[in-house]
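Multiple structures follow.
Note that chain A is present in both complexes that follow, paired respectively with chain B and with chain C.
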Partner chain A sequence: MVDESTRKTLSNIPLLRTKAGPRDKELWVERLKEEYQSLIKYVQNNKDADNDWFRLESNKEGTKWFGKCWFFHDQLKYEFDVEFDIPVTYPTTAPEIALPELDGKTAKMYRGGKICLSDHFKPLWARNVPKFGIGHAMALGLGPWLAVEIPDLIAKGVIHYKEKVENT
Partner chain B sequence: MADWEEIKRLAADFQKVQLTSTTQKLSERNCVEIVSWLIEKKLIDLMFTSDGKEYLTPSQLVTDIQNELHSNGGRINLTELAKIIGVDYAHINSHLHEVLKRRKDIHFVLGQLIDSTYITKIAGEINEKLQQQGQINVGELTIFYDVPSDFLQQQVLEKNLGTLIFAQQDKSDPKTFFTENFIARSKAKMRGSLSGITRPTPVISILNQIGVNEKLFFTLFEQVAMYGSLTSKLPGAQYVPNAYSRSQTEWVTNFYRQNSYLEFDALVRIGISDYKTYLKRLFGNDNLLFLSSCVVAKNILDRVEADIDECISSKGYVDLQNSLPSVFTSKDINLIVERLLVGPKQQQVVLIDDLVFSKGFMNKLSNLCEETVRNNANLIVESGKYQQYIVDSQGNQSKTQKYDEAEEKVDKREERRKKASGGKSGGGTQGRETKTKSTKKHIRGGHRNDIEDEPTASQSKRELIIVSSDEVKELIVGLLEEEDVDHLLDQIAQYLLPKLNEQGHQIAAEIFKTKIADQTANRRKTHADHQDKLNELICEIRLFTKGIKLFNGDTQVQLNKYLLKTTCSDILTEILNYISLESGLNTSTDNFNNEQRLKFINELPSEYRVPLQPLVKALSGQNIDDFTSTLETAMSSCSMIVKKIDKKKDRLIVLNYKHKLLEELALCEDLAVVLHLAVLVIFISATQCMLNASGRHVSSILSFLKQFLSEDQFSELTSYYDFVTLMLSNGSEAENAREKLKEKMQTVKNLASEYKLSSHEKTV
Partner chain C sequence: MSTVEELQQKITELEFQLSKALKQNVPRREKIGAMSSEVVDSNPYSRLMALKRMGIVNNYEKIRDFTVAVVGVGGVGSVTAEMLTRCGIGRLLLFDYDKVELANMNRLFFQPHQSGLSKVDAAAETLKNINPDVDILTFNYNITTVENFDHFTKILTTSSLTNGPVDLVLSCVDNFEARFAINTACNEFDLTWFESGVSENAVSGHIQFISPGETACFACAPPLIVASNIDEKTLKRDGVCAASLPTTMGIIAGFLVQNTLKCLLQFGQVSNYLGYNALNDFFPIMNLKPNPNCDDKNCQNRQLEVAARPKPEQAQEAFEDEGPVHESNEWGISLVEESKEEKECVSVADGLSFAYTLPGVPDKSLEHAKEASTTSDVSLEELMAQMKSI
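Our next item is the complex of A and B:
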């Protein structure tokens, strides 16, 4: 299952109510509003806990999201671009988070840099439709993936620390 | 589209939220980083707890340790401490000395911390226990409290002795403590049990009864013992009550006073194992003779001595078994006799199986056997066994002698070598050399012994037995039965046997000596006989040859041959007979032909063979001179001398020979032999020479004699000769001739005997 800290983080992210995808005109707005509120809360939580680890923004319609995420290892900050689309069937289908920079560098990744999520993710998501949103996907999907994969990749020497990346 | 406005606002809010700087709060992670950096830079001294989530300062650790020790009642294990405080065991270990330095009353024992409160507590407990049990051992406490005995001994017991623990330390065993009460109690028990015991008891069984510690028993014994003594201070000791030893001594003295002897077995039975020292202590050393199974007083010895003296003077025997107490073994008796028989007395008695026999008695017995011994010795010498034995033993002696000589030679050589090497080399090498030499010598010595053993064994096997033990037994059994000691028949016979055999040997030697003397005399005589006879024969040959030389040509050769075949052969046979007798071959050479003689000679030793071989060769030749010349050397090989020619004797011999022939002639009835003899007699009378001829030569002799005979005589003889040849030819006229010869025989005989006279007249 998901480890203790993730569970704690997860529980602090506000749940969503509206079940609507990008095609459901009025309701999508409602859903998007909830997504934002949820994300704001999540980011605030993270910042309070000195655990801020990503930047996200979306297009006008809220169907395409992009930004950065970072990971500290041995007191060094490794930063990666992150992007994903909201699928049409959202929220039934979870968004597929992608790290294009790492495409082809690890086995735990689909074509296009989409990360392979843990076995637990999909059933967990399916059970929590429509309560889980983008914030959950980040916390439950990308967060653990980074925590496992990045130290491994660094150890293998696939990723190198880049000096230009500035710490915030 | 107010909704979308709202979305826009929210998106902006989101960005704003994201962009606001993070609150300036040190997260846990940062703290860990900072602290670990600080530790790395050695700016602060901290240690991690075992789960890694907390830090501790060393002083905190020290206080924690003290606190935990206190809360655990003054004793705590380090591993437990590490678990409770939650730090690594290594940290505890490294800060331990600080704790111990700060608090002097804390002891570190076997991975445990123990402080003074705990010590006080267990001291109290130990005291309680001690009061209950009366005695306590550090070993037990060690097990009970699971602390080292040294610690208990020094820190707990000895420190608190007299303050918290009221007891005494055992002086002989510092690990044992007991109370005054306990000692008093034990003493009382011991006193009771020891005074109750009447016979020797092993200490162990006493201890089992009264339940007192063995060590304690031995330490307290001195204070309690007034009723007896201990055999030793060891656990296997025996307690001997005074009452018992008193009665023991009483018994021993009484028995000894009454019986004058004491049996060791009896002493052991009443519990005196070290009887020798006991007896010495009791009676002093005088008048006591220690035997193998008992000790005797002087008066018994005196009695025995008197018995033996009597036995010697009466030439009888004495059974010591009867005159000594029945407990005496034969070994004891042996010892007594050995002790008593000193000096001349020893020579006068023989001890066999507890019986002392006087020499006189033994002599009586051996006298019985003397006859048989003499006879046997005689027999043995007669049968030649003794000679064989002498030869064998001499052979052995010479062999061993030879060996000894060789050995001696070797030794000498070695000694010389040793001397030389000693002179040459220094002290160091000499030591080594002598060492190797000694081993060598040793080996050789052993070898020699082996060799020597063998002949002695065979010698003893070859020992000539003159009288067998059965014979001796048979001879002496009568007397022994009379004396009622026939059960000792075997031993006595065994004793007598070697002496008798020796005696027999002496007798045999004497007999042998006389016999040898006889034999040598005989031999000398036969030697002279042979020599005389040979000389006689030689003389005859000389005379015969003289006669032969009167003939000439073929007749002489033939006569020579005949002489060789007859008289010369006799001489050779005589010599060979003598030699065979001399070398003990016992072969009669009388009927040997030439080949047999050669064979016999070839088998003889070279001293005989060399001179005899040409003699035989000469025999088959034709020349008498050859024979006589070789004969001389042959005879000298037999140490015989050819006597010088004595012309005076010759005449006598010739006369003797003629007389012999005449006698033969007078008695002779054979028609042909009469002529032969007659012719020979006439020849001797006519020529004063002897002639040795066979019947075949008669005609040639006759023709030779013609010159010495008258017409009548000659015609008479020739006619007689013709008739003889006629008769021997077995022709038709033979019977007729025989008649004629019978008639003429007397005339021929007369002619021969009478011719002597006439011829004598002629020569005169």
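Our next item is the complex of A and C:
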């Protein structure tokens, strides 16, 4: 079941239409455009709601994605690199989002810093192929993971606040 | 006074020399030209060839003609590869992109001194030492990415001992994405494969035989899970992703290779789906028919080809049997067949359930979300630039 906050999050991310993966030449370009349009809208909605929490970009084929995500804890901003590949079976299977710098620091990760998703994520994704895209994977996968794991990692002293020159 | 770097360099050199010296003193078995059933202490095949004498297998030495791909050389895959090596399989292809870690030492096969090595290279070294007759090829990459998938399918379709498709693909991977990638490849190139898995709580597992068009593929229905009878509320997942036990993985590897041998050497019955619940030692088995509306077009194509094929005569079995070939269960344990009346709603054996259900109608939770406006006059480059400039 989808709870109220998830429902609200989902309403901020435009749905996608084209069922195409990186092996489908022209259709994939169509899908990629939808991905970008959806992500742009989602990030804008986040900014408008004062809840800006990630940036992503991709290689020109749209198969490798990278960027940053950040999380506020006690008014301090913790920032992490994000990366993932689009699997050949996308969008039937979701991308496996990784935070490489946290690899080995928490049991809630698979090898390579891939985050451990909740039991709810896969069924929800499977029910919404091909409407869910990268924005949904971020919102339903990475968002809740950060909210649970980062405060815990801070409390355990595994990660520390790094002074950064703010240029945004 | 030497620097730390110089000393480290010296250690590496000495380690190399030591490992060479040790190898010279270790007995190594030479290659054996033809499998013999002669019982002498130097013949590693005598007990396997005895299967032939006892009438279990007609043609054991044929095992040398087969090529099997093992995808994922972790807790299940490494043991699977070792068993096939000891059985004298002709050629093994090993796929994995991971390295051996000390954290893997609760599982079988790998040893602490191998940590840091790629799993495929470490495995190949051990396996060649166990049985130099097996031809082992290694592929150290992630099969799910675009740049590797085409190479993966090329290898699967051209790497048998006669440069044709492999005889069997064994999925020993630990994630949904890789299983789906294997499924996609096997449907597209009509390759027979076994899917295998151990649950994240380590107390259940399964193997599934998939012959494209004949049995359900991995995309035909949501994955089946073996009920562990653990109350979901008492199952604590906080702080861990997955547990693992060498026992469960060893048992699943055993089931996998046993059915591989039955499939290749044509003896006994190959289980279509075999589950294992470790908590009460329950082994549900069932048959899964392909879904005519499967999401994978190649699965549908393979189903049409199978339907067009003349029905094979059922030679050995005396009784009429509608379903796929391997169905009878002499032990009478929990065999549940899909009855003809139940074909509409897919039924599963006792102790099994689907991981989730797929609705035929759009998810209601999304009624507020709008579709991304597809204005085709905006180019991808413009969108990428727009995203960057936010």
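Keep this in mind: the second predicted complex is superposed on the first by the 161 of 168 C-alpha atoms of A that agree within 3 Å, B and C clash if a C-alpha of one lies under 4 Å from a C-alpha of the other, contacts with A are read in each partner's own complex, and residues count from 1 in each chain.
Rule of thumb we're sticking to: contacts are C-beta pairs under 8 Å (C-beta built on N, C-alpha and C of every residue); 3 or more make two chains touch, one makes a residue touch a chain.
What you see is a predicted model; the values in this text were computed from it and never measured.
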item	value
Partners on chain A (chain B, chain C) - clash or fit	clash
Partner chain(s) touched by A:Q75 [first = chain B, second = chain C, both, neither]	first
Touching partner for A:K108 - first (chain B), second (chain C), both, neither	second
First (chain B), second (chain C), both or neither touched by A:D24	neither
Contacts of A:L32 with chain B and chain C, given as first, second, both or neither	both
Chain B versus chain C as contact partner of A:L10, first or second or both or neither	second
Touched partner set for A:E83, first chain B, second chain C, both or neither	neither
Which superposed partner A:K47 touches (first chain B, second chain C, both, neither)	both
Partner chain in contact with A:L56 - chain B first, chain C second, else both or neither	both
Superposition-derived comparison: chain B or chain C, residues of chain A touched	C
Shared contact residues on chain A - chain B and chain C	29-30, 32-33, 36-37, 39-40, 43-44, 47, 55-58, 60, 62
In the complex with chain B, residue positions of chain A that touch it	26, 29-30, 32-33, 36-37, 39-40, 43-44, 47-52, 55-58, 60, 62, 72, 75, 168
Touching residues (chain side chain C, partner chain A) in the complex	98, 142, 144-147, 149, 174-177, 180-181, 184, 219, 222, 237, 239-242, 295, 355-356, 358-359, 362-363, 365-366, 368-374, 376, 378, 380, 383-384, 386-388, 390
In the complex, chain A residues that touch chain C	2, 6-7, 10-17, 22-23, 29-30, 32-41, 43-44, 47, 55-58, 60-63, 85-89, 92-94, 96, 107-111, 116, 119, 122-124, 126-129, 131, 133
Interface residues, chain B side, partner chain A - complex	3-4, 6-8, 10-11, 13-15, 17-18, 20-23, 25-27, 29-30, 33
